[in-house]
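Each structure below appears as C-alpha cells.
You will see subunit A twice below: alongside subunit B first, and alongside subunit C after that.
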Partner chain A sequence: MDGILQSLGVIFSFSGLAVLIIGALLGIVIGALPGLGPSIGLSLLIPFTYNLGPELSMLMMISLYTSAEYGGSISAILLSTPGTAAAAATAIDGYAMARKGRANEAISISLTASTVGGVFGGLALLLLAMPLASLALKFGPAGYFAVGVFGLTSVAALSGGSLIKGLVCAAFGLALATIGIDPIAGTPRFTFGLFELYEGVPFLAALIGLFAVSEALVMIENRVAAAPVIKDKVGHVFMSGALWKETWRSMLSGSVIGTLLGILPGVGGNIACWVARDYARARDPHPEEFGKGSANGIAAPEASNNATVGGALVPLLALGVPGSPTTAIMVGALIMHGLHPGPQLFTEAPSLVYAILFGTIIASLVQYAAGSLFLPLMARVMRLPDAVIAVGIMAFAVLGAFAIRNLMFDVYLMLGFGVVGYLMKKLRFPVAPIVLAMVLGYLVESNYRTALVSSQGDYMIFITDPVSLLFLVLSLVSLLTPLWRRLQKRRVRQVDVDETANGTAR
Partner chain B sequence: MTNQASAVSGSNLSPASGGEATHKHFWQNLVAACLSIAWNASFLILSLALPAGHSRGDVGPGSLPMQVSVFGLIVSAVYLVQVLRGIDLGGSSERIDVPRVLGLLGLFVAVALSANWIGLALCLGIGTGVATLLFPGEKPFIRAIATGVGFWAIAYGLFGKLLELPLP
Partner chain C sequence: MTINRRTFGTRMAGAALGLALALSSVALPAPAMAAGFPEKSVTLVVWAGAGGALDTYGRKLAELLEKESGWSVKVDNRPGGSGAVGVSQIMTQPADGYNILVFTGTLTFGIAQGLIPFELKDFRMLRAMQSEPSSLAVLSDSQFKTVEDFVKYMKENPSGLKVGGHAPGGFHQYMLYQLMKSGGFESGWIPHDASGKVTLALLGKHIDAAMMTPSTGLAQVKNGEIKLLGVSTDKRSEFLPDTPTFKEQGYDIEGAVWRGIAVKAGTPDDVVNSIQAAVDKVTASADWKKFQTEQFQDSPDWKEEEFTKRAESDLSNQLEFLKANGYAQ
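Then we have the complex of A and B:
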C-alpha cells in the first residue's frame, strides 16, 4: 500500500507531471519525424534522465514511448509517410481522409484511439504484471535461464525477412554481452586491458550508436523530395459523438489485439496495427470504405499500436525479459539506476513498479492533453530540415554517450557502433536482435552457471525443472514456427507454380 | 526486404541471375558472411584461452562465450552457404554516398578528439554548424551559423550548467 501511495505521490507531484508532459511532447515530435521512433528517442534520452532518479526517469520514458506511438500517425496522416513502422497501417486511411479535406478529423480519431489503446494496455499491465511476477518469483535459476532463452527466440520475429541474418546478429549481441568481468568467477574477459570494458560494453553507448547515429548517417544520404503535405488547418482534436459511435468497436478490438500481441516477445505495434486493421475490416459493415478514408481504418491500428506499450511491459516487469527493442532500452535505463528488471523489482522497489504501472495509464491521458494543445506546433515541427535533425541526433548522441559515465571512451565506442549500425542497415541486417541479445546475455549466463553450480554440473536440471522445461519447449516452438510458416508458403507457391504449368500444358 | 522468391536453387558459386542489384547483394553478403565467420572464429580462439571454473559444477568463464562463438560459426556458415547458393538475402542497391557519410562521421570523430583541448560544447557547436553544410538546402551559411550557435547553447547552457554534466 505504501508503494502505491508513494508512486501516486511521485506521479502527481510537480516534477512527475512535468516529466510526463515533457516526455509526451518529445514523444509526439520524435514519433512524427519520419525515420525516428521510440527506440531512437529513448536511447538518446536515457543518459540525461540519470539525475532524475528511477521513478521520474521511467515515467518520462514511458510517456515518450506511448506518445511516439501516437506521433507516428501525424506524419502518416499529413504526409502519407508513417513516422514509425507501427503507424504504417494508419497512413492508408489517414492520408485518404486528409486528402478529402478531413485531416483534422483523421488526427482526432488517431489521438482518441491511441489514448483508448494506451489506457487499455495500461490497465492490462496493472492486472497481469503482479500475478505473473508473484508466479515468477518461484522460478529457480534453471527456470530463469529458460525464460531468457525464450526471450532470445523473439529474434525470429525481429529478424524481418531473413532469419539467418537475425541469428547472426543475435550471436554477435551475445558475444558482446560476454565482454567484461564474468558474473560468477569474476574473471575479466575480452577486455584487452581496457578498464573501461570491465563492466562490459556500455549498453547505452552501443544503443545510441546502433539506433541513433546509424539513422543520422542514413539520413545524410537520402535527399528527400518535398512531401505532398496536406495544408489543412489542424486545430482542435476532439471527436464528435457520431465518430465515437462509429469507431468504438474498432478501438476496443484494436486495444485487445494490441495488448495481446504486445505481450508476445518480438511482436510489437508494427505487426499489431495490421492485424487490428484486418480484423476491423472483416467486422465492418462497409469494408469497401477501407483504403478510401475509413474512420475505423484509423481507429483500429492506432488503438492497437498504443496498446502494445502496456502489453510489452508485462513480460519486462513480470519476468525481466524485454520483448521489443524499446523495452530492451528501458532495461538499460533500469540497469543505469542499479536495478535489474524482473519479479524481484516488486519487492526491491515497489514504488518504482507502481509508478510504471500507473504511469502507463496516466501517460496516455497526458498524451491526449499534450496532443490536443500542441498539435498545430507539432505539424510545424515536421517541416524541420533533415540537416538540423541529423546533426541534432549526432550532437545529442555525443552528449548522451558522454553523460553515461563521463568518459570520452564511450563516445568513441558509440561512434564505432554507429558505423556498425549504418553498415547493418545498408546490408539489411536487423539491429533489434543485437540489442535483445546484449540485454538477455547477462540473464542467460548468470542463471545458466548458477543452475549448473547448484546441480553440481548436471545438465539434467534444465529438463527436470518444470518451468525450465516449459520455457525451453516454448522457445523451440517460437523458433520453429516462422521456419514452418516459410516452408508452408514455399509449398503453397510450388503448388501454384505446378498448377499454372499444368494449365499451360493443357 | 529479402527476396526469397528470387532464390535460385543449385550450387553454382556465382551471383544469381537477377540483375545488377542481385549481383551487388551477392558480393555484399559474401563479404558479410566471411567477416562474420572471422569474428566468430577469433572469438572462439579467445574463449578457449580463458581459465576453467573453480567452483564445483561451474563451467567456467569461457564456456558461454565458446558456445556462443560455435553457434555464431554455425549460423555464419549457413549464411555463407545460402549466399553461395545464390539466394538473394537483400542488401544495398544504391551506391553509398561516401563523401557525405564519411564527412559527417569524420566531423564528429574530430569533435570527440578535440573535445579535451577546446571543450566539448564549443566543438559540438562548430561540428554541428559545419555538418549542416553537408546537406543540400537554402541559405546554407545562415542555417549553419544558427545550428552551430543553437547546439553550443544547448550543450553549454542546458547540459553543462543546468544538468551539471562535467563537459571536457
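Then we have the complex of A and C:
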C-alpha cells in the first residue's frame, strides 16, 4: 500500500509529470522519424537517466516507448513512411485516407486508438501480470511456430486483387528472411560473404524502401499531374461519435491481440499490427474498404502496437525476462541503478514496480495530450506540394536507413528495395505481404527447426503441443472462412439467379 | 491564431532538425586539450547494440574513464556481423589508440567459425575486465541434485534430456561439450537466440536443463525456482557461495565468457601504457567495484600478456569443439 502511494507521489510530482511529458514529446518525434524506433530512442535516453532516480528513469522510458509506438503512425499516414516497424500496417489505410484529404481524421483515429491500446495494455499489466506471464510460459518452440503460421494466413487479406501476386510476394519475403546466420547450424547462409547480412536483411531498410521510397518515386513520376488539393483543416483531435461507433470494436480486438502477442518475446508489435488488422478486416461488414482508407484499418493496428508495451512489460516484471528489444534496454537502465528486474522487485522496490504499473497507463494519457500538440505541424506537412514531400521522404528514408546501424550498406540496400517497390507498384504487386513474410519468416523457421530438434525429428510435437494445435486450427479457420463465405455468397446468388430466371419464364 | 500555429510548427520542425543534427554529431570528433595521450576524445567502439550487458559495461567504462582519468570518451555502438562490424570499424582507423574496441569472448568463436575476417594477431588485447561463468541449471523440482546425477542419467539415456542454451556453437554449448567429454555422455543442443528465452524455456519445461550464465535467470536462481548444479569457475563464486563448481564435483571444466578492450595491432607502446594506466585507475575505483558486484561480474583483470595467452588457448580449444560439432571446417 505504501508502495502504491509512494509511486503515485512520484508520478504526480512536478518532476514525475515533467519526465512523462518530455518522454512523450521525444517519443512522438523519434517514432515519427523512420529508422529511429523506440529501442534507439531509449538507448539515446540511457545516459540522461543516470542522474534520475530509478522511478523517474522508468517513467521517462515508458513514456517515450509508448509515444514512439504512436509516433510511428504519423509518418506512416502522412508520408506512407512507417516511422517504426510496428506502424507498417497503419501505412496502408492511413496513407490511403490521407490522400483522400482526411489526414486529420486518420491521425485522430491513430492517436485515439493508440491511447486506448496503451491504457488497455497497462490495465492488463496492472491486473493480470502473473497469470499472463504463466500463459507466456506455455509457449514452446512449436507454439511460436504455430503463432507465426497464424500470422502468415493474413497474406490473403493483404493481397489486394490477386491472391497469386500476394503469395508470390509472401514467398519473396520468406526467401529474404532466410538470409543471415542459420538459427540452428550457426553458419551464414545466402550472405555472399557480406558480414552486413549476418543478422539478416535489416528489416527497417526493407520497410522504408518498399513503402516510402517507392511512393516518393511514384510522386516524382507523376509530377506533371496536378497535385491533389488537400483542403483538410487540422485542429481537432477528438473523434466523432459516429467514428467511435465504427471503430470501437477494432480498438478493443486490437488491444487484446497486442497485449497477448506483446507478452511473447520475439513476437511483439511488428507482428501484432498485422494480426490485429487481419482480425478487424475479417469481422468488418465492409472488408473491401480495407486498403482504401478504412478507419478500422488504422484503429486495429494502432491499438495493438501500443498494447504491446504493457504486454512486453509483463514478463519483465513477473519473470525478470524482457519481452521485447526495447524492454531489454530498460533492463540495462535498471541494472545501472543497481536493480535487477523480476518478481523480487515487488518486495525490494515496491514503489518502483507501482510506478511502472501506473506509469504505463498514465503515459498513454500524456501521449494523447502531447500528440494533439503536434497536429498544427502536420497541417503544414499536408499543405506542402508533392515535390517537396517526395524529397522529404527520400531525405528521411536515407537518414532512417543509416540510423539503423550507422552503415552505408543499409542505405544502399534501402534504395534497392525502393526500386523493387516502385516496380512492384507499376506491376500492381502488393508490397505488404513481403514485409509481413519478412517479419514472420525468421519466427516460423527458427521455431519450426528448434521444435524438431527438441522432439528429435518427431512431427507429432506440432499436434501434441496444445498451444501449437490451437493456433494451427485457428490458421485453418482463418484460411477457410473466406472460402466458405464466398461459397455461401455464390449459393445465394445462384438462388437469386434461379428465381429471376423462373420469374422471367413465368 | 494562424501565426501562433505557424510559429509552433516552425519550432517543432526546428526541434526535429535539432534532434537529427544531435544524432549526426555523434560521429563528429570533439576537440580536447590534454597533453600526451589522449589529446582528443577517445571512442569506445561497442560491438553490440545499446542496452545489453556489453553496452552496459562499455558505458560504465566510458563514464569512469572520464571521471577517474579525465578523458573525454564517446561510446559508439556498432552492432552487426557477429562482431565483424565493430572489428572492421577499428581496423579501418589508424592504430593510434583513439578507437578502442569493447568486445566479448565470442571473438574467438567468430574467428574460429570464419565469421570475423581477422586473426588474433590483428589485435592488441589490452584488458579483460569482466567475466561470467556458465552453469548447469535445472528447475528446483528436478530429480537431479548434483552434476553426477545428471551425467549418470545421460549416460544411461543418451540424449535423453532436452538440453539447451543461448546460441548455436557458442560459449555455453562449448561448456556442455567439455562436460560431455569429461563425463563421457552424449547430448543434443537446443539453441535459443536470446538468453532471456533460455530462462523462459526452462521455466515452461520446454527444456529439461540449460547451460547458462547464472545471471540469466537471476530472479529465479535467487528465489529458488531454478537450481544450479554446477558452475564453471575455478573456485566457488563469491556471488554463489552455495553452488559447487564442476571442478569440486570431479569434472575438470573451467571457462568464462569475458568482456574487455582491445586496440588495433601496431598501436605504439606508449599509447598502450597510457590506456593501461587509465584503466588501472578505473578498476581501482570504488564505483567500479560496486558496479561489478551489482552486476554479478567476476573481475579477471588480465593484462595484455595473459589476456592474449587466454584468447589463444580458447581459440584452439574452441576450434576443436566447433569442428567436432560441424560448426566449422
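Just so it is clear, the second predicted complex is superposed on the first by the 271 of 506 C-alpha atoms of A that agree within 3 Å, B and C clash if a C-alpha of one lies under 4 Å from a C-alpha of the other, contacts with A are read in each partner's own complex, and residues count from 1 in each chain.
Methods note: a contact is a pair of C-beta atoms (placed from the backbone, for glycine too) under 8 Å apart; a residue touches a chain by one contact, two chains touch by 3 or more.
Please read all numbers here as calculations on a predicted model, not as lab measurements.
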First (subunit B), second (subunit C), both or neither touched by A:Val321: second
Touched partner set for A:Val388, first subunit B, second subunit C, both or neither: first
Touched partner set for A:Tyr422, first subunit B, second subunit C, both or neither: first
Which superposed partner A:Leu452 touches (first subunit B, second subunit C, both, neither): first
Partner chain(s) touched by A:Leu217 [first = subunit B, second = subunit C, both, neither]: first
Touching partner for A:Lys292 - first (subunit B), second (subunit C), both, neither: neither
First (subunit B), second (subunit C), both or neither touched by A:Gly342: second
First, second, both or neither for A:Pro141, with subunit B first and subunit C second: second
A:Leu174 touches, of subunit B and subunit C: first, second, both or neither? first
Footprint overlap on subunit A, where subunit B in one structure and subunit C in the other make contact: 182, 184-185, 187, 399, 403, 406, 453-454, 456
Subunit C-touching residues of subunit A, taken from the complex the two chains share: 29-30, 33, 36, 39-40, 42-44, 46-47, 50, 136-141, 181-188, 195-196, 198-199, 265-266, 315, 319-322, 325, 328-333, 335-336, 338, 340-344, 373-374, 376-377, 379-380, 399, 403, 405-407, 446, 450, 453-454, 456
Parts of subunit B lying in touch with subunit A, wherever the complex brings them together: 1-5, 28-29, 32, 36, 39-40, 43, 46, 50-51, 53-65, 68-69, 71-72, 75-76, 78-79, 82, 89-92, 94, 96-97, 100-101, 103-105, 108-109, 111-112, 115-116, 120, 124, 127-128, 131-132, 134-137, 143, 147, 151, 154-155, 159, 163-168
Subunit A residues touching subunit B - in the complex, by the definition given at the top: 48, 51, 160-162, 164-165, 167-168, 171-172, 174-175, 178, 182, 184-185, 187, 189-190, 216-217, 220-221, 223, 385-388, 390-392, 394-395, 398-399, 402-403, 406, 408, 411-412, 415, 418-419, 422, 426-429, 444-445, 448-449, 452-458, 486, 490, 493
Residue ranges of subunit C touching subunit A (in the complex, touch as defined): 5-6, 8-9, 12-13, 15-16, 19-20, 23, 27, 49-53, 55-56, 59-60, 63, 76-82, 84-85, 88, 113, 115-117, 159, 162, 164, 167-170, 188-194, 196-197, 199-201, 203-204, 206-207, 217-220, 222-223, 290, 294-295, 326-327
